[in-house]
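In what follows, subunit A forms one complex with subunit B and a second complex with subunit C.
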Partner chain A sequence: MFSFVARRLAVAIPTLLILIVVSFVLMYAAPGGPFNSERPLPPAVLANIEAKYGLDQPFWKQIVNYVASVVTQFDFGPSFQYKDRSVNDVIAQGFPVTLTYGFWSFVVAVTIGVSLGVAAAIKHNTWLDYLAVGISIGAQVLPNFVMAPILLLIFTLWLGWLPGGGWNGGQWPYLIMPVIALSTSYMASIARITRSSMLEVLNANFIRTARAKGLPMRRVIWKHAMKPAMLPVLSYLGPAFVGMITGSVIIDVFFSTGGIGQFFVNSAFNRDYSVIMGITILVGALTIFFNLVVDILYAWIDPKIRY
Partner chain B sequence: MLPNPATVESVAEAMNMAEIKGRSLWADARQRFLHNKAAVVSLIILALVGAFALFGGLLAQYENDFVDFTLIGSNAYKGVPSLETSHYFGTDNSGRDLFARTVQGTGISLMVGIVGALVAVVVGTLYGATAGYFGGRVDGVMMRIVDVLMSIPFMFVLILMLVIFGRSIFMLFLGIGLISWLDMARIARGQTLTIKNKEFVEVAHATGVHPVKIILRHIVPNLLGIVIVYATLLVPNMIIFESFISFLGLGVQEPATSLGALINEGSSTMQYGYYWQIAFPLFFFVVTIFAFFFVGDGLRDALDPKDR
Partner chain C sequence: MTLKNRLLATSAAILIAATGTVHANGHATHPLTGETLASDQTFTYRVGDESPSYDPGLVEDVDGADVVRDLFEGLMNQDAAGNLIPGVATGYTVSDDKLVYTFTLRDNAKWSNGDPVTAGDFVYAWRRAASPELASPYSWYIELMSIENASAVIAGDMDPSELGVTAIDDTTLEVRLSQPLPYFAQMVTHGTTFPVHQATVEAHGSDWMKPGNIVSNGAYVLTEFVPQERLVRERNPMYWNNDATILEKVVKLVVADENVALTRYLAGELDMTDVPAGQFPRLSTQYPNQAVSVPQACSYYYMFNLRDNAPAELQNPDVRKALSLAIDRDIIVDAVLAGGQKPAYTFTHWATAGFETPDIPMASMTQDARNAMAQELLAQAGYGSDNPLSIDLLYNTSEAHKSVALAVSQMWKQTLGVETTLSNQEWQTFLEARGTGDYAVARGGWCADYNEASTFLDLMQSESGYNDSKYLNPEVDALLAEAKTSNNPQPLYDRVEEFIAQDTPIIPIYHYAAVDMFAEDLKGWPTENFEQNWYSRNLYKVAE
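Right, the complex of A and B next:
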């Protein structure tokens, strides 16, 4: 077990370093600096500003400084666009928001998806099964950027029940639409995966044995079928998490929730490289960490995995 | 006693019949696919969408970048879809013909999806087959590279690239090409591992066929079934991916457009009641994605023996 974790870490850490270095090189290679404007600055002023941000130093020194400050102090440097804030301030402001609705979307997608999938598998070939399959097919073609306008149209413009955007400290009326828009397609995938793996498990010999012993169906499902059926779902959680973080870009832009996605897109339009890099690296670190956790959980639960 | 000539003839005839009835793997698969109604209907719908993207421009009465200034500000009653004004799908917020723009958007979205899938097929299959065939350390290093690339949040890196090197459709294709082959490489490798132990590969190896030739002649053709299935399922994912980027305004740039960009424009004006501006692009988007998924499912049932 220990060597398995160590081996996974041996891949994860270089991956993260590669991501940091690649984004730095991309930024360095970018044509035009952050201080190029329509009215060129006097050379002396420009030199001063560049010295302040450390841009006058040679390439290798800059990259070593950047990697060192990111790795040792989690310091992503100053923002080029927001003069009064550092990248860390921007992340500190946006990340809790993203985390809040991301967490709830995750909970909603997993609970509803798993229950729907299990219910469909138990009631195989009944109306409940067809309904679940129908929902999961329908939701598959409605990615978050399609869901968001549709929800807005129904709940804000027609019914007037929910506010059309904003965050307001994360009160629940402001939370509902982002969570639905973000979780729907993942819920559908989880339901589909759960259904097919549950169907497979329910046909296995050990389930027939359990039934033959006279165990009630409820107990068979919970005690015997649930654990093996959940394994494929578990391995999907990594990609689902990444998708939700990525999808938060759409949610932030569409509902003006003010998460990191909003800063990311704003910076993308304003060429605020340091913020883009900071957020990319943060998301990358989260992704790698989450995949690592899922892998370890998987190896821990499934005795068939050799590590 | 000599056999009755008539019996001999009928036996021969029966043998002939048996020979005619023999079906190849592909004919078998085609049969199964044609029995799947949803898949066949979806295929027809896809053909119609493709025809719309290719030849719809001939029906359009306006150029897709022609701005009708008389419509600006009076979109609500002059820009509605109607046959009289020849704006079949109405106009967009700048007074451009939405029919022509939907044709163009559908075309670009389809192109992005197909190019992404093509890159995945060519690069992914060869990469996966090579890794699987050689095995050992080569396999370990090659698949570790795939692991590393997969754990990078590509949407963010792609946006970073689009910002730095400028927003262009070429950059978009490059970015999509960079990620699309990863899954395919894994699938192809897994399949190669089972194929390479079959007798015909052993024979080829024993008779001294060059490894490159073994991969291209003997392994890749046997991967085709599963590759086609996943390529079909990949196309809608690529379309969704591109639409995501274009929805943010970072993908395809004006005057060119894609379904994602059109959905974005439509969603910003629907609060004024210009529902047609989102309805038509959304319709084509949903129908295309749906059809690809169903065709992919049908192909999987037809070609993937595991799921039968």
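Right, the complex of A and C next:
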């Protein structure tokens, strides 16, 4: 197991480096630049700015300098768009916000999704099953950019129960709508995967054996069926978790949460090179890390899997 | 509240600010209008995106400038109608050759830490704004002000200390210009010219603007700042005219989606927000006292590519003029935009200070007459049903630009039989295409940097970096050069506008209007200020 983890981490480093170089090249290949605007800057002004941000250097040197400062000092450079902040500032401010609502969305999505899926599988082809499938399909087809304004209309304008947006340090009234809007479609996917996987497991021979030896249904489900049924769910949860905690631009746009999703999308529009790179690396590193976590959990859940 | 009441209230607030004798703070009624003031004097408003910076030397956008005007105070301010009124300076004198401005500073202006605001603070701030070291994207503003040696300082050929600005003593600031500039005094109301506190900047570097570090001299101080979420500013007790300030706290929220912002406004969370595109007719009927449309200092136009590589058919001025004539601006402003915009036949916005819209023949014609003339011009140029003209029209991705482009292409099709291919590009790609001349007809929008016609017309100058049409006309250049030093530039501007109408390098389509929702208890908004320069200290809330 240890050598497996070490091997994976060793592969992660070149993967990240390739990610950096490819993103860097793609970013520079896109037309425009961080200091283009409707009123083009006079050449002398542009030259000053490019010198300040090192954009006057040859391309290869920019990549080398960038990688060096990231690796040696963990410094992602200054933001080109937000003149008096660094990328580290942007991430330090936006990421905890995203992490908070992303984490709670994950908890909600997993709890409700797995419960619905298991209930539907146990009560296969009954009204409970149809209801669960109905809910999850409904949740799946209702995109969050439609749901967010509807939630706002109901809870903020009509009922006046919840603030219509903002973050305020993450107090719970500000969390509710973002969590509902973000978790719904994940919850639906988790429910469907859980249901089909659980159905398959319940028809397996070892479950029949367990029931034949007289175990109560509850014990069969929890002790024997749950773990194997969770394997496909788990492979979905790794990327889903990264997706949730690295933010959703929809949530940030509709609920003004100030999370990292909006910074990410804006940075692409503004050609804020350093912020694009910083967040890309963050998301890349998290994806690699949680895929590793999922693989380790696999081995723990399924004794057949050995690394 | 009617517009008249709001204006009255605004002038009242200004009057107090000017005299400083009435103590409004703590009173339950407004000292001049007698209106009962609300106990909670908090103003919350919406912006669509975070500003790049609130540092006076770096600020570059309108939302950022609004904040800077509250946190800092420059030499001069604007009143509700946009006229110059004293700020940190009580006044100024101009030398006979109009090259030297001498500002006299009030001796009671203080920084939020109690230090006096001196002429040296302005000298430091202006040198800093121009310095290659700060590399401000707005350093060109110092150059635009024609301050002596500005270009050389920005280019790094001279030390910032050579910039033409000197503190004669603590309360006397001398500014030397490289050429006379009739609107120079107007330009010192912009954030780039506001003072910064040298000791604070030097102590904290790029962190000096953060709450806790910042020292400022405006009516408000920065107390909370969460980028992309909120920015809070509160009354500055050290401000020299603090007694006249009524509003205690101003909260700026970033709400990216304008429809969400409207929902939150209607739920009472915001006191002010933009009216989403196309919703003004409905909202002004439903909330007649809240939905307000006022002129905004921008012009919307289409530009023709006049470079050699551009499509040959558009090099014929008659063809361009025909295309301009065939656009029914009234339909665009009344049916497509419906937000109080005005049809444009001149590039300069109709509400620009000191500008009388000249008589452009096209403006007084009926649309039928325009259409007839357009058909005739196009036929003469050799285009008709057997040889239809086809055009590529490029705009930056946006629903509003798309609806205008669709309407225009329909008008061209119906009146002239022109086949238009619409294409849209994401903003940065669009700017690149337009700047390098990779288009035939492209959308343009230009907003005034200062309230004078040359802010628009200078784009028609051959050398202008913003002349994306590459319209080259030596006569226009000569007129614009003459206008720079003329005491009465209006006739010169008239002739430039006539050239634009005749040569049609661009098609002016409409002049912008700002459409906003204002809470009924919010008073003092300067709706008459063409540049929409507002100061929170002139606003107040009345008890409902």
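The rule is simple: the second predicted complex is superposed on the first by the 258 of 307 C-alpha atoms of A that agree within 3 Å, B and C clash if a C-alpha of one lies under 4 Å from a C-alpha of the other, contacts with A are read in each partner's own complex, and residues count from 1 in each chain.
By our rule, a residue touches a chain if its C-beta (ideal position, glycine included) is under 8 Å from a C-beta of that chain, and two chains touch if they have at least 3 such contacts.
Given the structure is predicted, the values throughout are model-derived calculations rather than measurements.
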Using the superposition on chain A described above, determine whether A:287 touches subunit B (first), subunit C (second), both, or neither.
first
Partner chain(s) touched by A:173 [first = subunit B, second = subunit C, both, neither]:
neither
A:96 contacts which: subunit B (first), subunit C (second), both, neither?
neither
Which holds for A:271: it touches subunit B only (first), subunit C only (second), both, or neither?
both
Would you check which partner chain A:134 touches, where first means subunit B only, second means subunit C only, and both and neither mean what they say?
neither
Which partner does A:149 contact after superposing on A: first (subunit B), second (subunit C), both, neither?
both
Report for A:216: first if it touches subunit B alone, second if subunit C alone, otherwise both or neither.
neither
Considering only touches as defined above, state whether A:14 meets subunit B (first), subunit C (second), both or neither.
first
Have a look at where A:54 lands relative to subunit B and subunit C in the superposition and call it first, second, both or neither.
neither
Quick check on my understanding: which residues of subunit A belong to both its subunit B contact set and its subunit C contact set?
30, 148-149, 152-153, 157, 253-254, 269, 271
Show me the residue ranges of subunit C that touch subunit A in the complex, using the header's touch definition.
49-50, 52-53, 55, 58, 132, 135-137, 139-140, 143, 151, 154-156, 206-207, 209, 226-230, 253-257, 259-260, 263-264, 266-267, 269, 426-429, 431-433, 435, 445-446, 465-466
Residue ranges of subunit A in contact with subunit B within the complex:
11-12, 14-15, 18-19, 22-23, 26-27, 29-30, 137, 140-143, 145-146, 148-149, 152-153, 157, 242, 245-246, 249-250, 253-254, 264-265, 268-269, 271, 273, 276-277, 279-280, 283-284, 287-288, 291
Contact set on subunit B toward subunit A in their complex
144, 147-148, 151-153, 155-157, 159-165, 236, 240, 243-244, 247-250, 260, 263-264, 266-267, 270-271, 278, 282, 285-286, 289-290, 293
The subunit A residues in contact with subunit C across the complex are 30-33, 35-42, 44-45, 47-49, 51-52, 78, 81-85, 90, 93-94, 148-149, 152-153, 156-157, 160, 163-167, 252-258, 262-263, 266, 269-271
